[in-house]
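Have a look at these structures, which come just after this line.
The following pair of complexes shares a single chain, chain A, combined with chain B in the former and chain C in the latter.
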Partner chain A sequence: MNSSILKTASNYLLPILLLFSVFLLLRGHYHPGGGFVGGLIASIAFVLHGFTHGTDATLRLLRIHPGVLIPVGLGLAALSMFAPVLTGQPVMTGLWIEEPLPVIGLIGSALFFDLGVYLVVIGVVLTILFTISQYSE
Partner chain B sequence: MTDNTLIFPVLTHLFTAIVSLFFWQKTVSQRIISIVGSAVAMGLSIELFVKVWTGGILTLQAAGWDAPFGISFVADVFSCSMVLLTSFSGFAVSLYSATGIARARMLYGYFPIFHFLLMGLNGAFLTGDIFNLYVWFEVIIIASFVLMTLGGRKAQIEGSVKYMAMNILASAFFLTGIGILYGITGTLNMADLSLKISALENRKLVDITAIFFVIGFGIKSAVFPLYFWLPSSYHTPPSAVAAVFGGLLTKVGIYALFRVFTLIFIPDNFLSTLLVALAIFTILTGTFGAVIKNNIRRVFSYLIVCHIGFMVGGLGMYSEIALTGALFYLFHDILVKTNSFLIAGLIRKLRGTMNMEKLGGLYAEYPLLSLLIAIVFFSLVGIPPLSGFWPKIYLFEAGFMDRHYVLIGAIIVGSFATLYVIANLWAQVFWKNPPETPGDSPLTDDFKPMTRFRKALLVAPIAFLAAITLYVGLGAENITLVVQHIAREMKDPSPYIEAVLSKNIPQ
Partner chain C sequence: MLIAVLSGLIVSILYVPFGKYLKGRLSICVSLLPITLFAYFASFIPSIRGGNHVTFHYPWVPSLGVNFDFHLDGLSLLFSLLITGIGSLVFLYAAPYLQGHRYLDRFYAYLSLFMAAMLGVVLADNVLLLFIFWELTSISSFFLIGFNNDNADSRKSSLIALGITAGGGFFLMAGLILMGHLSGSYSIQEMLGTNEYLKSHALYGWILALVFAGAFTKSAQFPFHFWLPGAMKAPTPVSAYLHSATMVKAGIYLLARLNPVLGGTDYWMYPLVIVGGLTMLYSAFHSLFRTDLKAILAYSTIAALGILVFLIGIGTPESLLAASVFILVHALYKASLFLTTGVIDHETGTRDITQLGGLRKVLWPLSIAGVVAALSSAGVPLTFGFIGKDLIYEATLHTQGILPIVLTAVAVLTNIWVLYAGFLAGIKPFAGALPERYAHIHLPNPLMWLAPLLLALLGLLFGCFPFLVDGALLNPAARAILQAPIGTPLKIWHGFNPVLLLSGITLAIGTLLYVIRKPSSHNLAFVERFNTLSPRYIVGRIARFAKVISRRYTNTLHNGFLRVYLLRIIVFAVLLLGFRLFTGGAVSLTLNHLSPISAYEIIVAAILIGAIFLAVTTPSRLTAVVATSVIGYCICLQFVFYSAPDLAMTQFSIDTLTVVLFVLVLFRLPPFLNFANRSTRLRDWTVALAFGAVISLIAIQVLNQPFDEAVSRFYGDNAYTLAKGKNVVNVILVDFRGFDTMFEIVVLSIAAIGVFSLLKLRLKASEKE
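Coming up: the complex of A and B.
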């Protein structure tokens, strides 16, 4: 797309949208938000970048193929699900640290599950959209 | 008793799938991971079965939320024998896939999806929550849809459109049923539902709700009149995939029927008559289809429909003997149907076609292999003392006791038709001399030039399943023990309900 306004804007929007997606991810435990929505916002950021700079430029920016994120995210989610088994509790039980960390707050295994979902969503959405856009080019 | 081990078969397949995703495009590693993962899952399933058989029902409240509110996983003897049979079939198919699936399909992620499918199957067998059952059904549908279209030939796409359309329809009915059920009882836990439904006064409303489940599960397990998607889709994917579909996918529907109609909706006169009538029509339509078809896999597809009728009929009669017979048939059917499709795939490798008219002379060329296949086919027909014979005795006994003569007639017709079809198949494929002019496409033997290792990988799973089938037939008394135990548990679900609802959470 040859709109220089959009092109310039997308450079600034990319980090802001990514930051917003992380905010949504962390907010998700008690409020609307979470890994799925966060992942969608993050992938929108990259899709917007891809629209204006071309898919290849976005892939270069990402360094890894987004498909790699799918097994990484799935593995992270599955491990956080499995972790309580090691401590003898029923599967999927939330494990929490005792003291809240500064800035981030109380962290539990649920965060890693959400993080896994976040990565899977980015991986799936970008793989699908980039495959389509590369075919159509 | 709360125990994490009951979820391990599900987790094993999940982790196997994830690990093989990391080896995307590396087909050799994926094959090894898949076989190892299936073997581990088989070991864990055996351990689970032994644990439940000796120690009683195991439950797991996911995340530690108490029973009627959280999601329960329950392993009673029925669930864990289904998990055990799934793991046998899964292991055999994963072994067979190592050479039976084209490399191009593996590159598109055959193995991860295959394990997601097995994960869904195990989850469906182990869950004790009806909405969670629906979620596992969705996992199964999505995975099976990918497996069915993988490769993208025109026939495959056509088959999977029918498959997908019917299964989505079934899910819609199932989900509507769950919605109504939740509306009238306010719970989704199956044990809790069992108590609340039996206390409900408005029986007509309960019957109507039950109809939704009959239709939903009926479509999934290919019961008359909505069975036609099965024969028109199961012959299109590669044989290893068709084996899982034929052996396990329709049986999940049957499992759900058994679970829901022995725990939640106890069949009254109306439901019982409905199920028996459906069973009769299912047997007859399956029979007629099987008799006229010429392609081996289409014949087997119709036989699936026919034999689904036996099990639904057993459920419809709803006496302890009838349930015993139906469950025994279910166990036998999972092993034999999986194996039949694997054999169909092997025949295709041997001759390059599955059209019975073009085949012939296999016995002269491969006598030992034919003998192995004969064991499977004789079990399928039910020649005593092989495994298909015993359940029919129970079904007949139950039928005579409750005067279901039409159903008995249908089962006899179905059995003889199976005999005729298999005898015809045997005569055409194994005994008949190969036709002089094989037509426009010359027959090709892909099997002969293979290395011994690859040949073994194709034949070993068939031999493995045949050995288990032989055990089911010859050791029928042990199977009967298990099956009678399950039938008793079905007639009196109070131990199941007690196990789920007792507050037994480790601190």
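Coming up: the complex of A and C.
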């Protein structure tokens, strides 16, 4: 796609959308949002970039293949599931830090679970779309 | 305890990142794991000896009754020590055996995983946990049996083994769930209290049939035995491990463990005695015709498993003691024979018994191991096998009700053939003159001959001094199977009695048979003639038939046209839903439950209808894609109107990505559509209208049902107090129903891997051209 307006816009939109996706991820526990939507928004950011600059440019920007995010995310979600076992509680018990942190707020194992979902969604969407787009080119 | 059971699992996971450093000389380090575990379990001997048992409780999913509950009593301890003890030797042995193998790291990862799974099976108290580990043993043994994955035979054998054992696992799961459901607890120890209720329940027969199906497939009982000889394609250390002490004994363990819960009735006894007896005779007889060392051992293993099932079926205190003794006897001599065979194969390159001979001159320590193990399998006095065989005869002679003579005859006949097989495998390769071509052979790495020698000598040691293992291991094991104390200590000498006479007869006829009968490939040809009657052949035919059916079925239903799939799915849904709707009671079409319609909604609905119309009439693909995305966004707006922001946001992003996906795929398609002919379009219109009508009717019907607020109130009330979240939707996703989310992201990942691998394979193929 050779629209220079869109190309320039996507350069600025990428960080903004990513920031927005993280915002959605973090606020998910109290307001509309969450890991799934956040991951989708973040993938849209990259897909938009890929649309204007070409998939290869986006892959270079990412440095790692998006597929790597899938095992990382799954592992993170699984870890947060099984972490309570170490303290002798059943799997998936929510663990929470007592004091809220600035900006982020209360941190619990659910956040890490959501972060895992976020990473898996980005990994899955980008892997599928980039593979198909490379195949189409 | 949890750490001890799961450590093998953890080690096998650690092999993924660190495996490449452990391929060379360091590969032997991993043997520290089973050795440590052996020491750990051995430390329980004093307390188990005193008649105690140890339980460990870790909650896992308490709401479903699934917990990490472990129970260590005599039976579990015997098996744990066998698993880790023989495991240690196999770990040590495999390092030189597979030295320099490309996948040595994978081998140890599978082996550790398998060991962890076996430990889990024998220690789990919760039947669901037991089942999980049970399935893990099937899966990890699949990888071990198919370890030589460049060999088509080996792949096929591992598939057969997995098919049979995992298929049996399904039945077992049903049986265990039934047991847990009826007795109200999934803990075996708690089931002991409700055993009378279980035995008198109408479903008792079903439970038995299901549990037997699981145990018989795992323990290679006739007619499911044929996966075991096939599994000999595995590297020999694996065969030694799987078939002497672990995998195939899992079914025996299960029967022994459930004996106090389900046993003691005719329904328990007769199937076990009959199947066990049949297996003993069938496979011991078959071992006579084999010339491959491992095949001989495989059939004599099946015979030994048959003996164990048979003994558990008889169910008297004597037979249960005999069973626990024989478990140890068999594990020691069979592992030793397998490991000996491994060295012979490794050094000479053949396992053909007709080719081998005289190896005592070049492999002398190994010949001691082979001969002693063979003598133990024959039950020569002063070996541990003698005590085991005595107990078996004593058990069969002292049965009541069912004919002791028949059972004894079966046992004697089997033992004669097993003796012959043992002599063939343990003595024949070392006896006679050494062929010229083997004169250059040297002793291998000491680890490889020390392991079988140690096992064989242990058999001799326990045979001379049975008190070493009697009170510490075997008596507690038999006590756990019976759930009552057993008085008789093991003795070498019982005086002159019928049992001794039977032992003598067995030895004499067996030795005579060995002297007279020479193994040759003729014999194999003789049994091959009956091949079409064998269970293996019949199951093979059934499998091929199923393949043909499934191919036809797949070709008809999955013909590769997406539109046909969609059409079928929708027509089927319409029929099913329509049927349920009209048979489910009167359809009322009152619309007074609807909320008032606002102006926004009318506008959005108008856009929606316009977009739909555009999508189905436009000849341009791109326009159609844009129109469908407009439909999606309109639906998002509806979600916003009805205050479902989470849903709207997700739908919005998904729609955006779908459009992108469509556009990407569109590059590969011609830009304009050719419309289908009139009749096809008419059909599609009809199906679409019918589907829309059914869904609308259902939606209106749903509104007429009284709304049950209990579920939403639960989430609303508890989201903040239990999960510290204010957004109920998200709390449900990450906390209340987190398991569902976990599985969903796993499914997503599988989809991504599928797309990636399918397209990448195509890409690579086109790059090559």
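Everything below uses one rule, namely that the second predicted complex is superposed on the first by the 137 of 137 C-alpha atoms of A that agree within 3 Å, B and C clash if a C-alpha of one lies under 4 Å from a C-alpha of the other, contacts with A are read in each partner's own complex, and residues count from 1 in each chain.
Here is the rule we go by: contacts are C-beta pairs under 8 Å (C-beta built on N, C-alpha and C of every residue); 3 or more make two chains touch, one makes a residue touch a chain.
Not measured: the values here are computed from a predicted model.
Participant: Is A:32 touching the first partner chain B, the second partner chain C, both, or neither of them?
Facilitator: Only chain C; A:32 stays clear of chain B.
Participant: Based on the superposed arrangement, let me know which partner A:131 touches: chain B (first), chain C (second), both, or neither?
Facilitator: In the superposed model, A:131 contacts chain C only, not chain B.
Participant: Check the contacts made with chain A and report whether chain B or chain C touches more of its residues.
Facilitator: Comparing touch counts on chain A for chain B and chain C gives C.
Participant: Just chain B (first), just chain C (second), both, or neither: which does A:17 touch?
Facilitator: Neither chain B nor chain C is touched by A:17.
Participant: Under the stated touch criterion, which partner chain does A:43 make contact with: chain B (first), chain C (second), both, or neither?
Facilitator: In the superposed model, A:43 contacts chain C only, not chain B.
Participant: If we overlay the two complexes on their shared chain A, which of chain B and chain C does A:75 touch? Say first, second, both or neither.
Facilitator: first
Participant: After lining up the shared chain so the two structures overlap, which partner does A:67 touch, if you call chain B first and chain C second: first, second, both or neither?
Facilitator: both
Participant: Counting contacts the way the document defines them, which residues of chain A are shared by the two interfaces, the one with chain B and the one with chain C?
Facilitator: 67, 70-71, 74, 78, 85, 88-92, 94
Participant: Which bits of chain B are touching chain A when the two form their complex?
Facilitator: Chain B residues touching chain A: 2, 4, 7, 11, 14-15, 17-19, 21-22, 24, 60-64, 505-506.
Participant: For chain A, which residues are in contact with chain B within the complex?
Facilitator: Residue positions touching the partner: 67, 70-71, 74-75, 78, 82, 85, 88-94.
Participant: What residues of chain C sit close enough to touch chain A in their complex?
Facilitator: 58-62, 645-646, 649-650, 653-654, 656-657, 660-661, 664-665, 667-668, 722-727, 729-731, 733-735, 738-739, 741-742, 745-746, 748-749, 751-753, 755-756, 759-760, 762-763
Participant: Spell out the residues on chain A that touch chain C in their complex, using ranges where they run on.
Facilitator: Checking each residue of chain A against chain C gives 24, 28-37, 40-41, 43-44, 47, 51, 67, 70-71, 73-74, 77-78, 81, 85, 88-92, 94, 96, 106, 108, 110, 113-114, 116-117, 120-121, 123-125, 127-129, 131-137.
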